[in-house]
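Read through the structures below before going on.
Note that chain A is present in both complexes that follow, paired respectively with chain B and with chain C.
What follows is the complex of A and B.
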């Protein structure tokens, strides 16, 4: 097990290296630059800014320089927000996104698992069709529709909470619902499918023959196997949720990481782009590793291979 | 009073193509400690009969149209699942055809083995664990304390079936239903498992309902045998009577089909034709189209097993009316 984890960690090094390289050259291939939008700047000013950030050096030298900084864990300065480093921006905005993501994840897991379990246990009844119809809607309605819809109902008409902002605990409700809805729907469908698959296995019949009650069959015999698809999905899902959503953060005015990720690309904020790509990639890799460990723990057949 | 008395059981499956009459008016009894074999080809209704007793029939599409299964004075078919759970796994246990898929791959053998004790006898874990160890030793699993910690995929097929037997017998049930327990195993292991079941029966004294399509297995194991065909009972008798004083042409044809009893080098005897389509049941005897003794009224009159000799039932109309010698 330790060897497995250690090997997977070693494998992430080349992945991140290749990703950084590809990202670097793709950014530089894109037309424009970080200061292209500052129209008033004279040639001299532009040249001095380039020199300040090292953009006047040959490309390959810049590449080596950036790689050296990255190796030291220094993501570099932000070109768009002078006097702030990318490390500082991520350190400040990530906790906000992570909190929102965590709350959305709880929403997604609670709603999704309950709906999925009900649907699987009561297959082809109202308790299957109704939650699964809702899940279909959840999958189809994009967040930029879901957000304003929730705002207009719960903030404007019912006046239960604020339309935007990130100050009070109840400000968390609508963003978490908006962000979590899609994931809840997805989890519901995966949980239903996984459970149905397990519930028709022979060993469930064995458990019935032993006199096990419905709760025991579900929680002791079916849940482990039935949750495998959900757990596999949770790896990338958690990474996506915790690193922030541009749309949800914009709709609700939340100072999270998602907005920085997207605006960095528009601004050609080279270090910010690199920082966000690597941060997100590292997150996905770590979450997938965690998921693989959980899957091995859940499935004893994998444990001995 | 017999331990289990199944009366006029009728089961059908409601499929898109129509209603399949899987079991029609099946009746039989098992006394305490008795071993009854049910023999029949695939689709003859033998497994469905037993699944319905255990409440394991998938409903829908399955439907119990009528009849009773009275176990120790209680009709199991009339019980709710909750009520049934007081019997299955405690007083009636079951082992299945495929030991590779019948054990939960996600749980340790120990968890599965002690589950009936935890459910039914409210036993604490250490005590249940001791019983599980005893049972594993009794079914011939060596190195049992180590094996308890293992998972099903670390066991061979024969070992898994031993575990299934240990699990079914751990509560010392009055009745063990074995649904083709040796079919999925290779031949040497088959003999071992049958010997084990015999040994356990001698030790615990439970009744056994053994389902098989192998006449040889049944003849060496059971006190009485019931032959099923197309969802009906064709013949039932004490084992020796069934083989040496056969009272149904179908049973006779089955015996003639046993390869080991036929002259070597000749083409093997088979019963001509195919089993009837249960979607469109024929009038009269279901075996009539394939029967060598068929006469005109076979395809007209309703068949039902009658006692044609002491403790010997046959559903053959000619045997019933004319004492047809077979």
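What follows is the complex of A and C.
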């Protein structure tokens, strides 16, 4: 297993390198630049700014320069927030997004797994149709409708919590629900499908014949195999959740990473785009590695290869 | 004595799954009332949206861009069945025109992702070996690219041109399709009838496109049905960012976004587009689930 992990980590290096290269040339080929929108700046000022950030050098030289900085772990300055580096911005905003993401993940796992298990155990009854209809709604309502709806009901009409902000523990509830709803719905469907597949198999019938109770069959026998689809989904899902959601952060006014990611792309904030891409990609890769390890642990038929 | 005529090698013997499979599938789909309901809703909504210009001219009586600033936003009434927006435009007309764009984006982007994904996955799975490894590594790399940033940069390239916009969406949505098709091709490649085709000396391209791909229709159809709602949600997300279709055009995503901003004052501006979109996504998902059961597809998305 150590060899497996080591090899996967080594494979990550070329992947990140290629991603950085693709990102670099893609954003440079896109029209506009970080200072193009600053109308009041005169030509000389803009030329000075370009020179200051090295944007006046030949493209390939810039590429080499940025690669060297990246190798040293330096993501560079932010063009939009000139006094801060990209490393600082990520270090400051990531904990916020990660906290929100973790809370949303808990919401998603608790709701999703409960709904999925109920539906699989009571297939074709009310306890199947009702949670699965809710899950379908969760999949079909865009986040930016879910958020305002929850705000309208729980903050404006019931007055249980604030409409926006990120100060009190109470402020975490609505964003976590909004962000977690879609994932809860997805997990519910995956868990139901996975469990149904397992519950059909012979060893479950054997367990039942030996007189094992429903709870024991579910938790001791079925859950391990039935969770495989959920675990595969969780890899990219966790990466997406923890690195922030633009929509939820905008609606609730949360100072997280998702907003920086998106505004960077709008502003052509080159270093910030590069930093976001690499940060997210590294996250996805690590999460996928963790998932692969968990999958082997859950399913003895698989081997590390 | 004349030699017996050589068997027509060109005629694929197993190009199509036997008709009874499709009849069977149709029968199973017919039993699934929820899926049929989905099919019915999607078909009728598509028809109504497709006929939007006719309906607006003769039934509703307002066009989607006809403003009436003096009127302002009014709740649903006898003249404006679904009310008007702050510019006094008829919500029903905008809903129908918006549906045209949303459905078109959904279908076209899915079609693009289908073509790329199927060909890419099929070639990768069929070729195997080094080619497969390189092609799949590229998919892995693209998977790690944050989708939002990628789409924003693409819209910068393509401007606000809606056709190119959904080509762009389709071009990033094909990754999962490619993976599914690759897995299926690798499984089918091992089967006897492919070995037979190879033994008969058929060319590789012919084996792939005439003998393997037809057997993948089931998973492809199912996955396509489930991709359409995803793309429509993505369109809504891009509208939220302000990267969707531009005024005075509308899409369900744009309408929902505008409605969500004024939901306290004029709730009907959010309700109707949101219901239309949720109903469509609901129906497509039910249809997709039904097709999955009917075609007995395993191991696709969930």
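The working rule: the second predicted complex is superposed on the first by the 302 of 305 C-alpha atoms of A that agree within 3 Å, B and C clash if a C-alpha of one lies under 4 Å from a C-alpha of the other, contacts with A are read in each partner's own complex, and residues count from 1 in each chain.
Heads up, the rule we're going with is that a contact is a pair of C-beta atoms (placed from the backbone, for glycine too) under 8 Å apart; a residue touches a chain by one contact, two chains touch by 3 or more.
All values reported here derive from a predicted model rather than from experimental measurement.
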### Task
Look at where chain B and chain C land on chain A after superposing the complexes, then choose clash or fit.
fit
### Task
Give one of first, second, both or neither to describe whether A:139 is in contact with chain B, with chain C, with both, or with none.
second
### Query
Is A:260 in contact with chain B, with chain C, with both, or with neither (first, second, both, neither)?
neither
### Arrangement angle, chain B at one end, chain C at the other, chain A at the vertex (C-alpha, nearest 10°)
70
### Message
Per the contact definition in the header, classify A:212: touching chain B only (first), chain C only (second), both, or neither.
### Response
first
### Query
Does chain B (first) or chain C (second) touch A:300, or do both, or does neither?
first
### Query
Of the partners chain B and chain C, which touch A:276 in the superposed model: first, second, both, neither?
second
### Message
In this superposition, which partner touches a larger number of chain A residues, chain B or chain C?
### Response
C
### Query
Looking at the overlay, what does A:201 touch: chain B (first), chain C (second), both, or neither?
first
### Task
Considering only touches as defined above, state whether A:79 meets chain B (first), chain C (second), both or neither.
neither
### Task
Look at the superposition and give the distance in whole angstrom between the closest pair of CA atoms, one from chain B and one from chain C.
10
### On chain A, the residue positions that both chain B and chain C contact, one per complex
none
### Summary
Touching chain A in the complex, chain B uses residues 54-56, 81-82, 84-90, 93-94, 96, 98, 101-108, 115-116, 119-120, 151, 153-154, 164, 167
### Message
Under the stated contact criterion, what part of chain C meets chain A in this complex?
### Response
137, 140-141, 143-146, 148-149, 152-153, 156-157, 229, 233, 236-237, 240-241, 253, 256-257, 260, 263-264, 270, 274, 277-278, 281-282, 285-286, 302
#### Entry: Sites on chain A touched by chain C in the complex
15, 18-19, 22-23, 26-27, 29-32, 136-137, 139-145, 148-149, 152, 156, 186, 189-190, 193-194, 229, 233, 236, 243, 246-247, 261-262, 264-266, 273, 276-277, 280-281, 284-285
### In the complex, chain A residues that touch chain B
201-203, 205-214, 216, 220-221, 224-225, 298-301, 304
